[in-house]
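Chain nomenclature is as follows: A, B, C, D and E, assigned in order of appearance, with residue numbering initiated at 1 for each chain independently.
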Amino acid sequence: MVFDTLVAEFPFLLRGLWIGLQLLAALLTLGFVLGLTLSVMSVYGHWTLRLFTLLFERVFRGIPEIVLLLLFFYGIGELIPMSPFIAAVIALGLRSTAYQAQIFRGAMQSVDDGEVMAARALGLSRLATIRHIVLPQALRRSIGPWTNEYSSELKATSLAYVIGVVELTRQASYIVSNLQGNTLTVFAVVAAMYFVVNRLGNAGLYALERKMAIPGFEGRGRET
Amino acid sequence: QAQTLVAGIEAAFPPWAYAEGGEYKGIAVDAMRAIAENQGMEVEFRDMPWPSLIPALANERIDLLVTGLNVTEERNEVLDFTIPWWENDDEVMVNIDSELNVVTALCCGATIGAQGGSTQNSWVEANLVENDAIDVTLRSYENYVTAIEDMRVGRIDSVIVSTDTAEDFIDKGREVRIAGTITQGQPQALAVSRGDPNNILAALNRGIMELYESGQWQEIVHSYAPYATIRQIPATMPDYVRTYQAPIAGLDD
Amino acid sequence: MTDFIEFGRTWMPFLLEGVGVTVGLWAVAMVLGFCLALVLVWARVYASKPLYLLATLYVEVFRGTPMLVQLFFIYLGLPEIGIVLDPFTAAAVAIGLNSAAYQAEYFRGAIQSLPSGQMIAARAMGMSRFQALRDIILPQAGRRVIPQWSNEAIVELKYTSIAYAIGLTELTSRAEQVGYQTFQFLEAFTLVAIIYLVLTGIVAQTLDFVEKRTRVPGLTNSGGKMS
Amino acid sequence: MSDTPILSVRNIRKTYGGIEVLKGVSFDLERGQSKIVIGPSGTGKSTLLRCINLLSPPDDGSVILDGVTVEQKGINQLRAQIGFVFQEFNLFTHLCVLDNVRLAQRNVLGRSRHEATRRAMEELERVGLADKLDAYPAELSGGQKQRASIARALAMDPKLILFDEPTSALDPELTGEVVQVMKELANAGMTMLVVSHEMGFAKAAADEVIFMEGGVIVEQGPPSTLFTQPEHARTSQFLQMLTHEHHET
Amino acid sequence: MSDTPILSVRNIRKTYGGIEVLKGVSFDLERGQSKIVIGPSGTGKSTLLRCINLLSPPDDGSVILDGVTVEQKGINQLRAQIGFVFQEFNLFTHLCVLDNVRLAQRNVLGRSRHEATRRAMEELERVGLADKLDAYPAELSGGQKQRASIARALAMDPKLILFDEPTSALDPELTGEVVQVMKELANAGMTMLVVSHEMGFAKAAADEVIFMEGGVIVEQGPPSTLFTQPEHARTSQFLQMLTHEHHET
C-alpha cells in the first residue's frame, strides 16, 4: 500500500524536487554574487563597510529562516508584492549571502601576505590584486567549504513551504498524512532523492576542486 | 466576472484537506468548491502551514481559511467564523495490544502525546497536567502522526486526537485502537479575517446551509468518511463567538 | 508597537523557558560533532583509501539527506533493533552526527589551504602524523577555519528546532505554541527571532573574539590591511 | 633634470611593535647609479626597501622618486616603475612561472598578451628558466624560484630596481650569471639599490656601498674607499668577515 | 661498529611528473664525516636530502642509517636522529621562535619543559637570536628565520644533520658564525651532509665534496683534490665560478 501510493505520487515528488532545484539555483547564485562582494568588503573595505557587513552577517545568520521568509513575504511583500517563490529566493538568498560571505572571508584571509605584497609591489591596484591574486586562490580554497553550503541550502529549500512554495518535502508530507504513518518509508524515499541531487552536485564541485588544485598545499596525495 | 476567493488550507489533514495525485481533496475542499459554485464564486486553494495562514489572512494573501478549524475563544479574537459545520470529540488512542483503558491511559504516570498547539493539547494541559492529583506527562509533537509512531515504539502511552483523525487512522489500518472518547462537542467552521473585509461571510453561511439542506454535504462527507455521523448544521454555536450573535450574516437577514 | 511590547511581556518568559533545551542540545551536538569531525577529516585527508572512502560516504550521507530523516531514523528506526533513546539524546545525537559531516568539510578546506612545508617540517623532526596534526596542522587550520566554522555553530543553533518533531519543546516550538494560542504567529516568531539573534550574536561575537585573540602576529592579511 | 637624484630617501623611520627598526635613514640615488646595501641580519635592510615603495609605509620621513613624493595617491603607477625582488621571492602560488611574469605586464602596463609573453620569455631565458614556463612555484627548486622572481621584476622595465638578496639561493655559477645581468643593467643605465653581500657585484658594478647597522646608515662611500679604508671600526670589523672568507681561497 | 658508514645512500632515483630528478645517486657518509654537496640550481640537491629521510620517498634505491634501512616503519624515531635545515626554513608560523625550537624536543624526545627550554635557549644564543624568543616567524628578517631554523634542528641533538643552504640568507658575519658553529659540530664528531656553496666551510671542515649535476654525482673527493685537480671538465668549469669570484677579492 505504501509502495503503491509512492509509485502513484512519484511524479509529484519529482515536481516538488524540480521546484526545490530552481529555488536552490536561484538562491545560491544570489548568495554567491552578494556573498563574494560582502566578503571583499569585510576584509578590505573601509570601516563603515566592514560594520555594514558585520551587521548584515549577524542579522541574516541569526534570524531563523522561517521568520525571514515570513518577514519577506508578509512584511516587505506588503510594500512590494511578490510571489512566494520570489520571496523565498530573496529571503533564503540573503541568508545564504551571509553564510557564503563567511566562507569566502575565511578563505581570503588564508592567502599568503607575501603574495599580496608582491602584487602591490608590481603596481597592481588593490582591486586588481584582489581579482588576480586573492580571489583565484581564495575561491579555490572555498570550493570544499562551499559544498557544505550547497548541501545545507538544498535542504533549506524545504523551508519555503512556510510561505506556500510546495517543494519536495511538502509533497512527501502529503503522502505521510494520507497514509497516516509510514513516516520512515516515505522519508527514506525523499532522503534518497535529496541524496542523489546532493551527491551529483558535490561530485561536480569536488571534480572542480581537483581540477583547480595547485601544487604546494597540504592534503591528500602527499607522500610524507 | 465571478469573484475569485483564495482559500488557505493545510493540506495534510485528511479527511478534511489533503493532496493526492497533485490535487487538493477532502471534505472541506469539496464542500468549499460546492459552496462557491452555489454562490457564484470561483475558489482556488493555497496550501500553507498554520503559522503562515494567519498572517496570510491578515495580509489578504488569502480570503478565508478552509481547514479543520476549531472554534475557540482565542481564535474568535482574530477571526470571524462562519456557522459551524461540524463538531468533534477527542479520542484517546492507545496501541492495539495495549491494556490501558480510557482512565489508565490518562492518569497514574501515563505519558500522553498530542499535537502542539491543538485543542487536544490545550485540553490535556488544562485538565490533566495542571491538576496535581493526576500524575501525567504531556508531550507535544509537531505532528500527531509522529506521536502515534512514538506510541508504537512504546515511549508514550496514549495520544489524543480528534474523532475524525482517529477514525481515519483506523480506516488506514494503523495498529491502534480507541480507548475512549472525551466528549467535547468542539465546533468547526470556516473563517475569514476579522470584520469580514471582503463581505463574504453571508454568502459562505448561505452556501453552507444550502449545501447541507440539499443533501450534497452528506454525500461529500460520506465519500471521504463512510461511517461518519453527520451533525446538524449549524452545530453548537458557543456564545462567545461574535458572529454567532443574532443577526447571523446570511441566515437571519 | 505597544501591542507588541505587551505581547512580549506576556509571552517572553514562556519562550525563554525553551532556551535551556535549545542551548543544551546545541552544546552537546556541537561537541559530539566536533570530536567526530576530527576523526572524519583525518580519514578524508590522511588515511588509507578504504578509510577515506568510508569517511566520504559518511559525509555524503549525512549532508545528503534531510536532518529530519536522520532524526526519525534514530528516534523511530533504531527501536526496531532494540535501541530506544530518549528524545533529548536522540536529538542531540542526530544533530551531532549531522554536524560532524559539515564541520569535517570546513576543517578539510582549512587544512588544505596550508602550505605543505609545515607538515613536511614537522615530519622531518620526527613528529608522528598524529603529533604533526595535533601541534602544527590543527592549530593553524583551526585559526583559519573560524569564520567558516561559525556558520556551522550558528546554523546548528537554529537547527535544534527539529527536536520539536519528536516532542521536545525548545524555542521554536514554543513560539509556534504561542502562535496557536494567540493566533499571533508573526509576533510570536518575531519574539523568538530576537532570542535567536541574541544567542547567535553571542556565539558569533565569541568566535570573533577568539579569532582576534589567536591571530598570529605579523600576518597582516588576517587584519584586512593591504599596503 | 639629471641633476636631481632619481631617488631621494629622507630621514625614514619605522617602528614594529615598539621597536624602532629604522631610525632615520637618508640617502640619494642618482640616475643610473647602483648602490649596494650591506649590514648584519635584522638590521632593517629589507624594511628599508619596503619603505621606499610604501609596502611598509614609513612612520616618518619621505621618499622622492624622480621629483615626485611617493605617497598613497598614485602609488600603483609609481610602483610599476620600481622593480622589487623579494628576499622571500613571493611568487604567486596559483600561477605558473610564465603567468607570474606576465600578470603585471598585462594588468599594470597594459601590454598585449603577445607582447607580455615576448618580454617574459626574454627575461626567463636570460635567467635560464625557459624550460620551466609551465611549472608552478611549488615545483621549483630554491634557485629557480629566485630566478623567476628576478625575471618578474625585470620584465616590467622599471626605472629603478630594488633587489633584496637576489643571489641568496643561487649556486656560484648562477650567481655569476645573475651578477652579470645586473652589471649589464647597471651599464645600460639602470638605477639599482641592492641588498647583497655579493662582493662580485659590489666590486664590479656598485657605485657606492651603504653599510647599515641597527637601523641607521653607519657609513657609505664608493667601494674602493669603503672596502679599503672604512672610517668606522664597526665597518671594518664587518668587512673583515667579507674579505676574510675570500682570503681563504 | 665504526667501520660501517653511518649513512649509506644506494642508487636513489626520484621522478617528478615524468622528469627524473635523481638518476641513481649513491654515496656513503662515515661517522663524524662532513660532506658538502655542490652543484647548479635545479640539479636535485634538495631532493636528495629529502629522499634521505623519506620526506620525498625515493622511487627506487635505499638509504641505510647506522645499519638500519630507512623505511616508513619506525620512520619517526629515525627522523628524530636526522636533523634537517630547510632551504625554505619552514618555521611553524603559529609558534613563536622559542616554541618552534621547543616543540619537537618535547613531543618527540619527551624532554621536560624546563630541559627543552634550556636546550632551546642554548641554541638560540649560539645563533644570536636570544632577543627574538617571543617573535613569530612573520616578524623575523630573512636571516633571523634561517637562524631559528638552524637552532630548531640542532636542539634535537641529532646523529646526523642535513643542511640545505644554511647560510643563504645570512650576511658574511653571520655566515662566518654559522660556519664556525658547523665547524665546531664537525670537530665534535657530528656527521653532516651540507648543501652549500660556502667555500669557507668546504675548505675548513668538509671531508669530502660531492659535485652533482643533472641528477647524478659527477665527481666526489676531498676538497683539496677536487678543488684543485677536478677530473671532469664540467666540474672544473663549475668550480671556476666559485674561485673566479674569489680571485676578484
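Throughout what follows, a contact is a pair of C-beta atoms (placed from the backbone, for glycine too) under 8 Å apart; a residue touches a chain by one contact, two chains touch by 3 or more.
Just so we're on the same page, UniProt names per chain: A, C = Amino acid ABC transporter permease; D, E = Amino acid ABC transporter ATP-binding protein.
Small disclaimer: the values here were computed from a predicted structure and weren't measured.
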| item | value |
| --- | --- |
| Contacts common to subunit B and subunit C (chain labels) | A |
| Mutual neighbours - chains that touch subunit A and subunit B alike | C |
| Chain whose Cα centroid lies at the greatest distance from that of subunit C | D |
| Leader among chain pairs (count of C-beta contacts) | A-C |
| Distance from the mean Cα position of subunit E to that of subunit B, given in whole angstrom | 83 |
| Computed distance of Cα centres, subunit E from subunit C, in Å | 46 |
| Between subunit D and subunit A, distance of the C-alpha-averaged centres to the nearest whole Å | 46 |
| Geometric centre distance via CA averages, subunit E-subunit D, whole Å | 28 |
| Residues of subunit D touching at least two other chains | 17, 55, 88, 138-139 |
| Multi-chain contact sites of subunit C, meaning residues that touch two or more partners | 72, 76, 116, 118, 120, 123, 185-186, 189, 217, 219, 227 |
| Residue numbers of subunit A (touch at least two other chains) | 66, 70, 74, 112-113, 117, 120, 183, 216-217, 224 |
| Interface residues, subunit B side, partner subunit A - complex | 11-14, 18-22, 46-49, 51-52, 55-56, 58-59, 61, 145-146, 148-149, 165, 168-169, 172-174 |
| In the complex, subunit C residues that touch subunit E | 117-118, 120-128, 131, 135-136, 139-140, 143, 216-219 |
| List of subunit D residues in touch with subunit A within their complex | 50, 53, 55, 76-82, 84, 86, 88, 90-94, 103-104, 107-108, 136-139, 149, 152-153, 156 |
| Contact set on subunit C toward subunit A in their complex | 44-46, 52, 60-61, 63-69, 72-73, 76-77, 102, 105-106, 108-116, 118-120, 123, 137, 144-148, 150-152, 154-155, 158, 161, 172, 185-186, 189-190, 192-193, 196-197, 199-201, 204, 219-222, 224, 226-227 |
| Residues of subunit B touching subunit C in the complex | 50-52, 54-55, 74-75, 77-79, 113, 116-118, 121-122, 139-143, 146-147, 149-150, 153-156 |
